[in-house]
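Consider the two complexes below, in which subunit A is the common component and subunit B and subunit C are the respective partners.
On to the complex of A and B.
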């Protein structure tokens, strides 16, 4: 019984394979061959007109249904859409200063910069964001500075107080000063996406690489998430728990 | 008596405890208050020198009006190009319009937002109810599709900056042949399917991530992306518009919709005279040559073909779904949550290895590990379903492509293939027939 079944199926398989081969041969030869006929000859037949009408009707039907489908998708999406634009921003409360903002942005230098919230600053002489931890003399000498590009500027104001400003064109957004300020100071130095530089990619390439999931889309009308004085919740969330 | 004293003492006790609770609350609130002050480890000094504290600059994001302007420019460009293609049939006009689009959407807007990437925003919005897609993005997704439904792929002809930049370098286009075109034409389906899978699961926007031309528009890209874009542009000299034809996921949607377009561009303005002049004019192999059967297939062959197709298509559909579902874990490793869960499971074995930044960041966030595992397993489940659907879809596309190769489509004129034609109007210039030249004899 089994053998007979095999015998029966075998020619069928061969037939199928032969058909495939024939089809491929036919289509390739048919498309290569150009048989010219008079186009005006067949146009006069009334049967053709019917065909064209039917095709037109079907075409219109399909077109209407495609339009309906597109309208449906649009309506579904529009239901939860926002009129304004969305921009990318990082939440300093979640930021762990890993340094990827400097390297992952599609722009070089990155659109992420250190932003100084002056209202939070203690104007310290020994600034944790400005000096390297092992610094002995508190001078502006290059070897003392934490910032790799010297973008953080220190200016004397009055006796023990110094003002620190960020030179944005120099800043690469590495977050070293932010880490230092957060560890030893008030946390007034914070990383933020600067919207005069950001090209607002559809998918922020830093957001994809951010280990702390700090990036999100925010409304363009309120594009910054800076921490202010009294945001104590944020600081407790920031301190690493091991 | 005993009962009374007990009652009294309990009342007394109640008063005391109330006071204690009140004190505790006071203490608690004062600590809270102190804590709030403690943010300022070093309180702001009171300056005597009359120092004025500078304001923290917060440059505004791009104005909303400009975003509306983008959509308006898109509509204007689509209308102009459709008019140029369908009504004016002017190659020069289409070329000029494509240069304008390249300048505006490409170099001025730097390739963002684009219709190709908007697929992902719309998908994400459909699958994730918490993501609000901006109106402009929805406009960029829907408008070209609607125009295509009426006028064919005029969007590709000269509004899309990616198409425009490739069209500029298509100097020596070569014919690839129908088979190679069919095989390479399957890649966009895979790309589209993966893009939708990753966008729907909220993992990644792969179209934007592997966008080759954005780097050129911004004069700024990673080395690998520059190589990719360079390869596409150099190969684009010989294989016209390689991205549009063999990669573009939005092209798949346009291809489908364009097949039902109302007024698609025609090669000849009135009647085809079979002069064969347009035969080699299309750089995209999008002209279907006349096929007139001198000896049509026998009934038996047609029936056998039909049976074969009806068996092959379901077979490939199921095979595709099963194949992809077996690799769904590999596909899911693009997702950040899945990756984090994987690294959190592993570390016991690799003690000497240094902790990744992700793991450090996760530990400092204080989230429970179980939550990450739960999220990752949920994403994995989504990927399992998604990969079945994607696999079935790809198998179906493969089967239908094969079936299409099997059937012979008879036509007597040189016609643009409504699906693959990019409406560039090059072929129009080759046609010697002018508008109103009716009743011409066939050559």
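On to the complex of A and C.
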């Protein structure tokens, strides 16, 4: 069936190419030829148009291909200049902290890191993102820390406030702190693809494995999708100022 | 004979290999989906059900798009505040009025005279029971987030989560003083309010109780703003307050006991007047995970009314029959 279809469509394709070739030929050398051709030859032209030799056919085909290629490249360049470059990013509102950002990235450690939105943070002593839930004493002892690599750092500011910072080289993007902060705090700790590490694969392997479909391509001009103050679920009002 | 044994043995071995291959191919699930960094909150959410001495007796849905505050008047009529309005229900849960307002009320209080105080973002509006606006008080400031109101005699107390302070007004709307600002000379620790859940209430002797959520404390103040006592401690266990900042809401029984609600691990608990844990009203299993802002009220029959913003319902809990013996 396919072969028959191809046989049927082939003459039509030839006719289209022939028409394009004639148009190109006429536009490229119309004025010069019109001067040289005598009236008799001009009268014979309609008959000659039906006969096309291989050389003319190939020449016209090459010209058409070059034109089409140039047009395509121009369209691509135009599209990219309008849309800008795209990079991978995950939407914290969709993230379920499944841990695959840590294990699915082609890089080790992952290009996904915890990012702290300080404006949303409560600077709490008992931080749900920092401490394990059953912690008895609120100290920086390793056994109290939720982070498996101690990438979340805690610093005393003034009674009773503590500042939490992410040591990015240590962070593996597992999202444990993000889950704890979201459950017991304001959700100021969020996972993001860090573009100083991400190699921007054509098909991000984390995106392929993400169960929440949280990954998408975003414009490189706005590469981060952090939630901000006021985006908190269920909160009746903005987060109190510090 | 020996040859037969070898053949049977070889066949058995082959069968074993085939079974192993089939199991490996079709039944052995790849470990790729397991999360080596799993943080299991389910174990925290499964409390001791024997501690739950209350059962849900009734619930009803509200007509507001979002609900934030609940209050009762002296005849146990139920007042619900929320997005673009407030509603009045009789004690059985039948709606009597729905009054539209311009904006969202974060909290509500009804005084002895029946006047309705609505805490808007930064100011208080007062209505009568027919929905007529009687007065609008001046703004509490640009950063104000009013989260709770309570009245005692001529005093009206307003909790401002944005400025982390309690204001004392009189019923005419005249400002008197700030309560709870950090003052080491008076041994006032200052309120720590990491998220906009900052509740206050009036005790059985007319004393002011305020939650200090960041310190997981209840603090008692007198009318002069002096701190009188405090209780409470942080902890995931039943008798503690979990997370960064809890309890989020509370109400006080006529005998001075406290009923508290928490976010993070959604649970409602009762503490005695001395702050000793007594029992649970409802555990995390009774609420949608992630529910916040479970506002509370207690009526004259000691029924506990819980405002569930996630389900947009008022849920009424009473003591289980096994406990009451009736």
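A few comments on the model shown:
Please note the rule applied: the second predicted complex is superposed on the first by the 148 of 242 C-alpha atoms of A that agree within 3 Å, B and C clash if a C-alpha of one lies under 4 Å from a C-alpha of the other, contacts with A are read in each partner's own complex, and residues count from 1 in each chain.
We take it that a contact is a pair of C-beta atoms (placed from the backbone, for glycine too) under 8 Å apart; a residue touches a chain by one contact, two chains touch by 3 or more.
Remember, it's a predicted structure, so these values are computed and weren't measured experimentally.
Of the two partner chains, subunit B and subunit C are each touched by A:185. After overlaying the two complexes on the shared chain, residue contacts for A:116 are found with subunit B alone; subunit C is out of touch. Set side by side, subunit B and subunit C differ in how many residues of subunit A they touch, and the one touching more is B. After overlaying the two complexes on the shared chain, residue contacts for A:98 are found with subunit B and with subunit C alike. Contacts of A:73 after superposition: subunit B is touched, whereas subunit C is not reached.
Once the two complexes are laid over each other on the shared chain, residue contacts for A:125 go to subunit C alone; subunit B is not touched. Of the two partner chains, subunit B is the only one touched by A:199; subunit C is not. When both complexes are overlaid on chain A, the residue A:220 reaches subunit B alone and has no touch with subunit C.
Taken together, the two structures place residues 98, 100, 121-124, 160-161, 184-186, 232, 235, 240-241 of subunit A in contact with subunit B in one case and with subunit C in the other. For subunit C in complex with subunit A, the residues that touch the partner chain are 32, 35-39, 41, 44, 68, 104, 106, 121, 143, 145, 147, 161-164, 192-196, 214-216, 234, 236, 242-245, 263-264, 290-293, 309-310. Chain contact summary for the complex, subunit B toward subunit A: residues 35-36, 38-45, 47-49, 51, 53-62, 64, 67, 110, 112-114, 117-118, 120-122, 125-126, 129, 131-138, 142, 145-146, 149, 178-179, 204-205, 208-209, 214-215, 218, 220-221, 257, 260-262, 271-274, 276, 289-294, 297, 301, 304-305, 308, 336, 356-358, 360-366, 405-408, 412-413, 439, 442-443. Taken in their complex, subunit A has these residues touching subunit B: 15-16, 19-20, 22-24, 26-28, 30-31, 33-40, 42, 59, 62-63, 66-67, 70, 73-74, 76-78, 80-87, 94, 96, 98, 100, 106-108, 115-124, 157-158, 160-161, 163, 165, 184-187, 194-196, 198-203, 205, 208, 211-213, 217, 220-221, 223-224, 226, 229-232, 235, 240-242. Chain contact summary for the complex, subunit A toward subunit C: residues 97-100, 102-103, 121-128, 133-134, 146, 148, 160-161, 172, 174-176, 179-180, 183-186, 209, 232-241.
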